[in-house]
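The following block contains the structure, expressed as structure tokens.
Chain naming follows the written order as A, B, C and D, and within any one chain the residues start at number 1.
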Amino acid sequence: MLDRVFRNLSVRIGASVIALMVLVAIAAPWLGTVDPSLFDAGSRDLLPGKVGEITTLEGETLKHTFLMGSDSFGRDIYSRVIYGTRVSLAVGIATALLALAAGIVCGLGAGYLRWLDGILMRFMDGVMAIPAILIAIALVALWRGSIVTVVVAIAIPEIPRVTRLVRSLVLTIREEPYVEAAIALGTPTRKILFGHILPNCVAPLLVQGTFTCAFAILVEAILSFLGVGLPPDIPTWGNIMAEGRAQFVSYPHNVFFPGIFLAVTVLAVNILGDGLRDTLDPKMAKRV
Amino acid sequence: MFSFVARRILATVPVLLIVAVLVFLLLRLTPGDPAAIMAGDAASTEQIARIRAGLGLDRPIVVQFGIWFGNLLQGDLGESFYYKAKVTALIGQRLEPTLSLAALTISIAVLLAVPLGVIAAWRFGGWLDRALMAFSVLGFSVPVFVLAYILIWLVSLQLGWLPVQGYQRLADGAGPWLYHLALPSITLSVLYIALIARVTRASVMDALGEDYIRTARAKGLPELRVLVRHGLANAAVPIVTVIGIGVALLIGGVVVTESVYAIPGLGRLTVDAVLARDFPTVQGLILFFSFVYVLVNLLVDLSYVFLDPRIRY
Amino acid sequence: MNALDVDGLTIGLPSGADRTEAVRRVSFSVARSEILCLVGESGSGKSVIAQGIMGLLPKTLPLNGGSIRLNGEELVGMSEAGYRLRRARRMSMVFQEPMTALNPVMTCGEQIDEVLRFHSDLSLNQRKTRTLDIVREVALPEPERIVASYPHQLSGGQRQRIMIAMALVLEPALLIADEPTTALDVTTQAQILKLILELQKRHGTGVLFITHDFGVVAEIAHRVAVLRVGELVELGARDEVLKAPRHEYTKMLIASVPTLKPHGRAVPPGAPVVLETRGLAKTYAAHRWFGPSRKVRAAEDVNLELRRGQTLGIVGESGSGKSTVARCIVRLIDPSAGEIRIDGADIAGLGAAALRPLRRKVQIVFQDPFRSLNPRRTVGEAIIEGPLNYGLARAEALERARRLLELVRMEPSALARFPHQFSGGQRQRICIARALAMEPELLIADEAVSALDVSVQAQVLLLLEEIRTRLNLAMLFITHDLRVAAQVCDQVAVMSGGRVVEYGPAEEVFLRPRHEYTRALFDAAPGRGFAFGST
Amino acid sequence: MKRRFLAAILLVLAAGGAASFAAAQEKVLRIVPHSNLAILDPIWTTAYMSRNHGYMIYDTLFGTDEKNQIKPQMVETWTESPDHRLWTFKLRKGLEFHDGKPVAGEDVIASLQRWGKRDAMGSALMTFVERMDSPTPDSFRIFLREACGFVLEALGKPSSNVPFIMPKRVADTDAFKQIEDYTGSGPYIFKKDEFKPGDKAVYVKNPKYVPRKEPPSGTAGGKNVYVDRVEWNLALRDGQAQVNALQKGEVDIIEALPFDFFESVKKDPNIQLPKYATVNLQYMARFNHLNKPFDNVKVRQAVLAAFNQVPFLQAQVGVKELYNTCASMFTCGTPYGSPYGSDIQSKSNMKKAQELLKASGYDGTPIVLMKPTDLAAIQKLPDVGAQLLRQAGFKVDLQAMDWQTLVGRRAKKDPIDKGGWHMFMTAWQGHDIWNPIANPTMDTRGVDSGWFGWAKDDKLLELRAKFMRATDDAAKKKLANEIQARAFEIGTHVPLGEYSQPMAARKNISGFFITNGNIYWNLKKN
């Protein structure tokens, strides 16, 4: 099954770009970057390629070429975008995992236990009825802007979507003869859920996971735009762009470079998602 | 049919109830105190305490919920702390811009996305499919405010065709109304084209795999007839569902586009209310969105009856 | 001039398939007013030939050679537009699955009218009357209602008649019928075959009838062509091929078709009663909030008895309630009323906990081999799952699994492999091994062989017979195929509309049927005249 | 069908262009204020937007001109009794409310009483006032218990809360409930029915308003109105969108142009950057005197030494000509703006700060510095502060939150672990802090002082009380210097330098004058 997946062009493109981004994230300190939060008001708003100076915490200043220019604080955009890869990817992946985990537990429960179904799905309708952006803003305002808050804030509106997907999968799979055979063999419910039903949900969940990851990276940028995202000393593509948007016309490099990284990554994750869905489970798209 | 509609409306009551309680608690737990915000910079702590008492925020949460819920039952969403106006009036003022933007955006998106999706499904796996899908996925990959700035810079500033911001009421003439909404709806529709095209492609691809397509081709029908009357017609249900989701999203969640284009819509109102901890307005708005979401779902479900004769209520 | 002349037809397979070509140098012809039956097992390439003729081959199955002449006109190499003009006008096709072959969102009338609209210049009213005529001609009741109704509102048989109406409305020279009756009940199948014969005579159409069921061949064919793995192995008049087949493969196929005569084995009396049902019933209530809730009686007042070492068959058409009874006995669904006694203990109303120890005694094998095994788990895991549930040590369970695989004639190496690496027949054997791993007293086979090819079906039936005698097992055999029932069952119960209409030893029920529904069932069985089968 | 549809679209677009031209006949001034207008009662809140709204529709007894002198506005003549305990005022002719009723003394008294309950300077004045009465409809008198040196400064104070004069029936509303009737006697009339919160506010010219003869200066002088209608665009919040709209001519004035656009807007031929203020705005960092370590004056001194003003101004403002360092706590260029006593900050460097901190016995508790993420005007200051504190040897916990959370949290006196804080940064308009009585940081009554931070110092209170009673200017100046020196000594807060908030307008707008605030009369649109 795996070889069939990797023969798909979209999967190959998507996966290789993401691998590159992960590499960039890991190798951030060795890619000619400086501490992203260091700034020197003197070297403010430098255009890409210019040379300026950065003062370290110890107070000594050092020459530095700003490959992607500097922002209104005088911070090096190149370093911030590279370090931003770490946080943006982390936000994307963590949100996807959290949404999947919670969604699986609720989805399995709602799909298999009839009495739980009614209440849980009404609750999920309730959560889904509230626009995702608003939940995110309220939650981030609730607990202060840290990575954990932002991930939870973006994950919560996604949970009902995963729950619905898992529930619909469980309702179809439990009618499959091999599940009925397992019941006839006296297999306890727990083993049926996690032994038979869940393994067969892996394909659609993988696909949904990629879409959630792409969506999470985007929402983080929007939260930063609205001023409720991660604080600037934790660089993400979103908040670099949000801060740089003020001088978009005069200094577009603030938005251009993080925008490229963001678009390429989200595009890669989406293409990977499309590729996975086409190879693993063409029927799944209807349920998304 | 009637029993179905009645049942669905009754089913919305628990959902709205859950939403009401959820939002009420969520807001009360949020740090930030509306009284302090409104009192302004130089107010003393005593003055803030007096204002909070005036707003009834010093009473226990359960009592506050009781009062608010009591008024709700009489259809009164209460009065905004911040704007000294009835929440229902605030929503009323902002309804037209939001609905206009939503209607224009969703029509552009559907007019472009559905044909895109059908062609991509028809040429599944081919270069055309890959190209169309990559373009539509691009809509997903760029944050809407970046796209908005680029479009404003290009279309409004350089070419000067369309205005940069602002909203013109329909009552003041359809011309200026459309003139101001053109750019925002184009910016916004890019995201929804991606959303709808992807589902269209998948469901049409499914339909093209069914036996009745083989029958249609065996009847010697022209390919376009097979694609539309047999393929697309059978793929309508999931497409209408995703359009429904789009509409619900457009009503509640387009705060970014509203901010950049200065359209006084519900999205911006909600974000300002959340940031200003204007509890009654946020609660009223979110209840409104939930009701719209449930209503849109109901309309979508009812539309299934016309799309698929097998579905009866 | 023949309706259809196929000469040296060769159609390729995509790389990576088990052989290079799907069809290799096949030649045959169909004269006007003649029915040629193309017979072969699944994977023999018969449907590929039909698609080749209609020009509907997908890109992955290229037409590599040979010629197809329709009314003398060469089709190979014709442009798509040319093909399109000839489809439905010169040649048309009827497919196997009536349930999905019609467009669910268009009325039946519209779908017939579509053919007329795109292939003739008749006015709207002319098309309306022509549609009503053809619907009347395929013997459908109330043509006006049928024309205005949607496919899901009609039965399988009625839908197949609409397909035939669509195919013949323009009086094509050639009709290709690809297993048109396989998915239908026996009685409906008989009516459709009769309809095709009448229409074919009246319009002088040449019919290429594709099937895997020799009973149907005996019933309808003028000439027969036998296909084996893409090659034509035998061609000739029906009686010659059926009575004196020349090719080894044809001989084997005909021998595998079970005879309608019951096997007449002696039944040792006085064996202990394993299964006994009293007044077993199951009703589904389609409840509606405001209107009266409609009750559907799936099974009603079913009284059965089965002794160790015996096989009880339940026969009936789809919707007769035979599967419902089986699923009640295995407690996959909860019966609405009545008792189910296994070894004397009534399990009808037991709760899950109390039921669990008794579940071991009853096991079931399902119809669809491709969905009966969890694709994500190895064969070994599937077989030992049952014993592990009841506390058997893993090593011991694996040992038992190895022994059972030998019992069902499969190599022990199969334990480590995944279900998708096996054929339909092999998977069914694995399911049997999985059921036997629980050492049940009652084995239920719910249409266990219906999805298999005739030859594979024969082997599995033999295996079941051997297992029943060696393990002195009680077996409940659910099927719609009378021939299979005759070969396997000691006792037979005939069900219709949820009720048991006839119940007794196989000879009584088969040779001297008392209830007229049973008689109608036997009359409709295709190929009664031929004494098939040598066993 | 397709062609007809396209034709319809083109027709509609053309009509769009034409419609916007028609509106030009009527002179409409389209202004983008610096924030959203929410509360319409300038007494109920100190928010600048409500104050600016007040100046549109209300009038004041006195005004402050560009040289910070108190000049009469509604008052014709006034006398002060020799024992300084009786002030009599006579209103000028032709003063009428929008509902046609003439302005009477009792309206003034009711307005002053409501204002006195909410405004810091107002309540200070009210401690001196025994009673007020209105002997004739066009006059009123104030009886004092003892001499008070800042009666006129209070009645003419230019910034929040401004003693606007409202009809008695409106002014009688409880000071802690918002008024709902917006009748005033100012140069514009508020169109309540056209007001859409978060979208736009509309004011029309008050035809019956009789402006004073003197030329307009600050909040004093003649309030002439040369446009028919003024529209505040409340929906346009995004900086980039505001500049785009101004360049495209869709709006006429941007009240607060973000610093980042200053360079690009300056180059634009049809946009001007009018000079409207001589008094700047001042950044400041405020300690929370209740929480360790900032309860120790030595630690506060170390911070004063560490906070050199230049890095803050460079990072937050960035445009050289828009900012200037200023040692005074009362804003340079105002009567009491002098560097007296500011050496601890103005003459120090990082090394000195590090030594002071070591000497203070600072035990390393992390400083909770609150940073707003959604207020462009001040959101960069905390980052600079954090870096300088770290360089000085402090441990810093920079907590980012939206402005509303910050405003809510700074009102809390709880210890750190229960949501307390150590320091926050904000900006003040010169007019709010140039006078030691109005300046909130000088209120050092500890826990029950009027402003967050709750500094405690009796000596400073004495100096302020003396200042309140001082009547002649020389004495006031000396006392002001002593107050400032004492404030630096105990480290009430850290001034972080001054900046002027640029305003941008289309070239076809004229009549700008020095307002030292957001005032919109005397403007012409040609």
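We adopt the following convention: contacts are C-beta pairs under 8 Å (C-beta built on N, C-alpha and C of every residue); 3 or more make two chains touch, one makes a residue touch a chain.
Since this is a predicted model, take the numbers as computed values, not measurements.
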Result of counting contacting C-beta pairs for B-D and A-C, higher pair: B-D
Identity of the most central chain, Cα criterion: B
Distance between chain centroids, defined by C-alpha means - subunit C, subunit D (Å): 87
Distance between the centres, which are taken as Cα means, of subunit C and subunit A, whole angstrom: 49
Separation of mean Cα positions, subunit D and subunit B [Å, integer]: 39
Distance from subunit D to subunit A - Cα centre to Cα centre, in angstrom: 43
Multi-partner residues of subunit C (each touching 2 or more other chains): none
Residues of subunit D whose C-beta touches two or more other chains: 238, 240, 244, 374, 401-402, 404-405
Numbers and ranges of subunit B residues touching at least 2 other chains: 30-32, 149, 157, 259, 275
Interfacial residue positions of subunit B with respect to subunit A in the complex: 11, 14-16, 18-19, 22-23, 26-27, 29-32, 130, 133-134, 137-138, 140-146, 149, 153, 157, 198-199, 201-203, 205-206, 209, 238, 249, 252-253, 255-256, 259, 267, 270-271, 274-275, 282, 286, 289-290, 293-294
Residue ranges of subunit A touching subunit B (in the complex, touch as defined): 9-10, 122-123, 125-135, 137-139, 141-142, 214-215, 218, 221-222, 225-228, 238, 241, 245, 248-249, 255, 259, 262-264, 266-267, 270-271, 274, 277, 282-286, 288
Subunit C residues within the subunit B interface of the complex: 54, 56, 83-89, 92-93, 95, 97, 100-106, 114-115, 118-119, 150, 152, 163, 166, 288-291
Residue numbers on subunit B that touch subunit D, as the complex places them: 30-33, 36-48, 50-51, 54, 80, 82-85, 90, 93-94, 149, 152, 156-157, 160, 163-168, 172-180, 182, 259-264, 268-269, 272, 275-277
Of subunit D, residues touching subunit B in the complex: 9, 12-20, 36, 38-40, 45-47, 50, 118, 120, 160, 176-178, 180, 196-200, 233-238, 240-241, 244-245, 247-248, 250, 374, 401-405, 407-411, 413, 419, 426, 428, 432, 440, 448-452
